[in-house]
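Following are the structures in question.
Both complexes below contain chain A, partnered by chain B and then by chain C.
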Partner chain A sequence: MTSSSAPSRKALSKIACNRLQKELVEWQLNPPAGFKHKVTDNLQRWVIEVNGASGTLYTNETYQLQVDFPEHYPMEAPQVIFIPPAPLHPHIYSNGHICLDILYDSWSPAMTVSSICISILSMLSSSTAKQRPADNDRYVKNCRNGRSPKETRWWFHDDKV
Partner chain B sequence: MKPCPKPNPIDRASIWTDLRESDATLTIFRWHAVTSWTWDAQDETCGICRKAFDGCCPDCKLPGDDCPLIWGACNHAFHLHCILKWVNSQTSQAHCPMCRRE
Partner chain C sequence: MASVEEEEEEVLLEVEAVESVYGEDCLVIQRFPPHLHLHIKPRTADDSSQQFVEAILELRAGTQYPDEPPRVGIRESKGLDEVRQAHLMASIKEKVDELSSCLMLIALCEEAVQVLSHMNHPDGDCPLCLYPLVKEDGHGNLLPFMKLMSCYHCFHSKCIIKWWNWIQQQSETDPISNASSTSSSYSRSRTDMRGTEKENQGTCPVCRKVFQATDIEHVLNLIKTYTPELSLEETEIDDDEEFQRAEVENIRRKNFEALLKLQEENNGLIKPRRNEVLLPGVFLPEPVTPPSISPKATAEQQTEPSFTPTSETGPSKPLNKGSTSARNNFRTRKNTMRNRRVRTTEWVKKENSTVE
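Right after this comes the complex of A and B.
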């Protein structure tokens, strides 16, 4: 339900297209460890398989990330969510939304899909408890109309996990 | 197959020696100077558009004065056009995309 949320999705600008093609080539040459890009002909939506790192709570578990790029990428952050079922993690909601500052307020155009993936894997790896955020039910209910996580006003208060 | 006969190479050194030892004067009619330039940045590509500094930003056609680089206080370089787009898209104080310095 939420996975297809894409309010007023505009085609990629020429600049965005150019940059994504470069990122894709770079990814093919040097993919981040633990991730697999599922090849499609859609440059604007990447689906990426994540493998939990060994020695962490998510060892041998596989999840899927969906990355949707806005028209003016990289001036704007992509929308990144887990396609449910999302990993059990204190910062990941059951609808797949991820509470991670670099995806919202702290986005920088120097970041790449690859660097986002590494941040997400690091967030998973440092988790010490497999549990949902305390406000999971309330938040997911509020998102029922397919709202994008980019419209959420996030509070980033925990820098440990 | 027989190898192609090699043409006699011109012995450039001996031509110069002959010229020096003779009283001949040389008149240069024209000469072409060729130079190359490059931006002196730490990286080779712009962190925003990921295109080469020796090329230009995605909006420009020719590198050089029309598509210059700019260095921040933190010494990170970007195409001027790329960093302006980022700075203008920020509502509050913009930070360096590489190191978040203001």
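Right after this comes the complex of A and C.
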């Protein structure tokens, strides 16, 4: 029905390109602490290394985020997933999908890759238990055909973890 | 040498003068030695959509005033980053030195008004495209910008309009997955609200405050040639130029520039409308018509010097700098072991999914 479920199939619009180039420049000048952008020539897919903050359950662990930008970024949210193995966290599924409202319902075009990264790190840092979501297996099985997390209708709660 | 009483009398008269000049924008904390709060605004007068900065100044004199200068500080400000605040303070300080040992309260306020008038444009980057709000397009034209009346967040006009059109388009074509448009709420309530809230509302991309179509009407009217369906992509290559060329926009810009010039020339007494009290989310002014101000009219208005009363509880959100709640707040899905009934509905496949 709509193309919103195919985040990386359509080329970036001119607006999206301009905006991403600008974000890339700002990232290079002022990268968010704990993150490293792995340079490629693909503006539409960023791979970002995340280092668990010291003093948290994820200290000394490194993970990789994959960020795919849709044609109409930043009107539409990017698709953000962990490349498995994903961190063990009550809101991160083993297939790398992240349950974080700003990536879906609460996305706003004023957010940036950098602000997403900060939210994800904050979510990791505040975790008190290294465990998968309770419905992990069922969810992951349901996503087997390469479904994007943006197609999931998430149910969010005002939880600070 | 004047006696102590005479000097005190003079100071008291000065405080009265400040009150009569600034009306409700002047809050007298103490008459002697004078302690005042002044709500300082640029001389954009009756077009509040063209006001991008303001400040509340604190003036505090000691018993030795005017022999000793008063202390001056900025209590609150809107639209001014640190650099611009420092500039404002430096200008006032210079005036203080220049007028040393004279009665100077009014002169200091006027200096502040003048500086603010020169700085009356939004600062920083457009939150949507991340390029500076006040920037030339390479042909010597400024890109048009606007602010949302309810929260004072500023955007390039064409950026916010693209966002607006996107929201509208999403709600027409895909009411379920228009996730990015309106929702800071739960998916469940989003479904409930569908249809009732979309038509003429949007949310500020920065602070998520709801704004009405009327809030951006003064910008939307400029580009009636756009249709929502076309504006996202198809006209993209031309639309900058088209927008620049739009005659109405040129008129608007001329008016704005003329107004600014007038403000700078006329030490500021373009009388504002009295009832433009802005409370966030409460009062959304009618779309404004471009001001037509002749120097003569201005001169007449000088006979009644008073400034817009504005509630101190008015919008006090900073502009586009720094972190915002929208950027930093996040909610995560609840790890619900305790409620099994909810857990079974934690995620569902979208009806219109293309998968399977």
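Just so it is clear, the second predicted complex is superposed on the first by the 152 of 161 C-alpha atoms of A that agree within 3 Å, B and C clash if a C-alpha of one lies under 4 Å from a C-alpha of the other, contacts with A are read in each partner's own complex, and residues count from 1 in each chain.
Throughout what follows, a contact is a pair of C-beta atoms (placed from the backbone, for glycine too) under 8 Å apart; a residue touches a chain by one contact, two chains touch by 3 or more.
Note that the structure is predicted; figures quoted are calculated from it, not measured.
Asker: Overlaying on chain A: chain B and chain C, fit or clash?
Answerer: clash
Asker: Between chain B (first) and chain C (second), which does A:44 come into contact with in this model arrangement: first, second, both, or neither?
Answerer: In the superposed model, A:44 contacts neither chain B nor chain C.
Asker: Looking at the overlay, does A:102 come into contact with chain B only (first), chain C only (second), both, or neither?
Answerer: The answer is second: A:102 touches chain C but not chain B.
Asker: Looking at the overlay, what does A:153 touch: chain B (first), chain C (second), both, or neither?
Answerer: second
Asker: After the superposition on A, what does A:19 contact: first (chain B), second (chain C), both or neither?
Answerer: both
Asker: Using the superposition described at the top, determine whether chain B or chain C touches more residues of chain A.
Answerer: On the superposition, C touches more of the residues of chain A.
Asker: Should A:139 be classified as contacting the first partner (chain B), the second (chain C), both, or neither?
Answerer: second
Asker: Just chain B (first), just chain C (second), both, or neither: which does A:79 touch?
Answerer: Touch status of A:79: no partner.
Asker: Contacts for A:66 in the overlay, against chain B (first) and chain C (second): which applies, first, second, both or neither?
Answerer: Neither partner.
Asker: Pick out the shared contact residues on chain A: the ones touching chain B in one complex and chain C in the other.
Answerer: 14-15, 18-19, 22-23, 72, 74-76, 108-111
Asker: Where on chain A is chain C touching in the complex?
Answerer: Chain A residues touching chain C: 1-2, 4-6, 13-15, 18-19, 22-23, 26, 72, 74-77, 90-91, 99-102, 104-112, 115, 118-119, 122-123, 133-135, 139, 142, 145-147, 151-159, 161.
Asker: Considering only the defined contacts, which chain A positions touch chain B in the complex?
Answerer: 14-15, 18-19, 22-23, 72, 74-76, 108-111
Asker: Mind pulling up the chain B residues that touch chain A in the complex?
Answerer: 47-51, 58-59, 82, 85-86, 89, 95, 97-98, 100
Asker: Which part of chain C faces chain A closely enough to touch in the complex?
Answerer: Per the touch definition, chain C meets chain A at residues 127-131, 162-163, 166, 173-174, 176-177, 179-180, 183-188, 190, 203, 205-206, 208, 232-233, 236-237, 323-324, 326-328, 330-337, 342-343, 345-350, 352-356.
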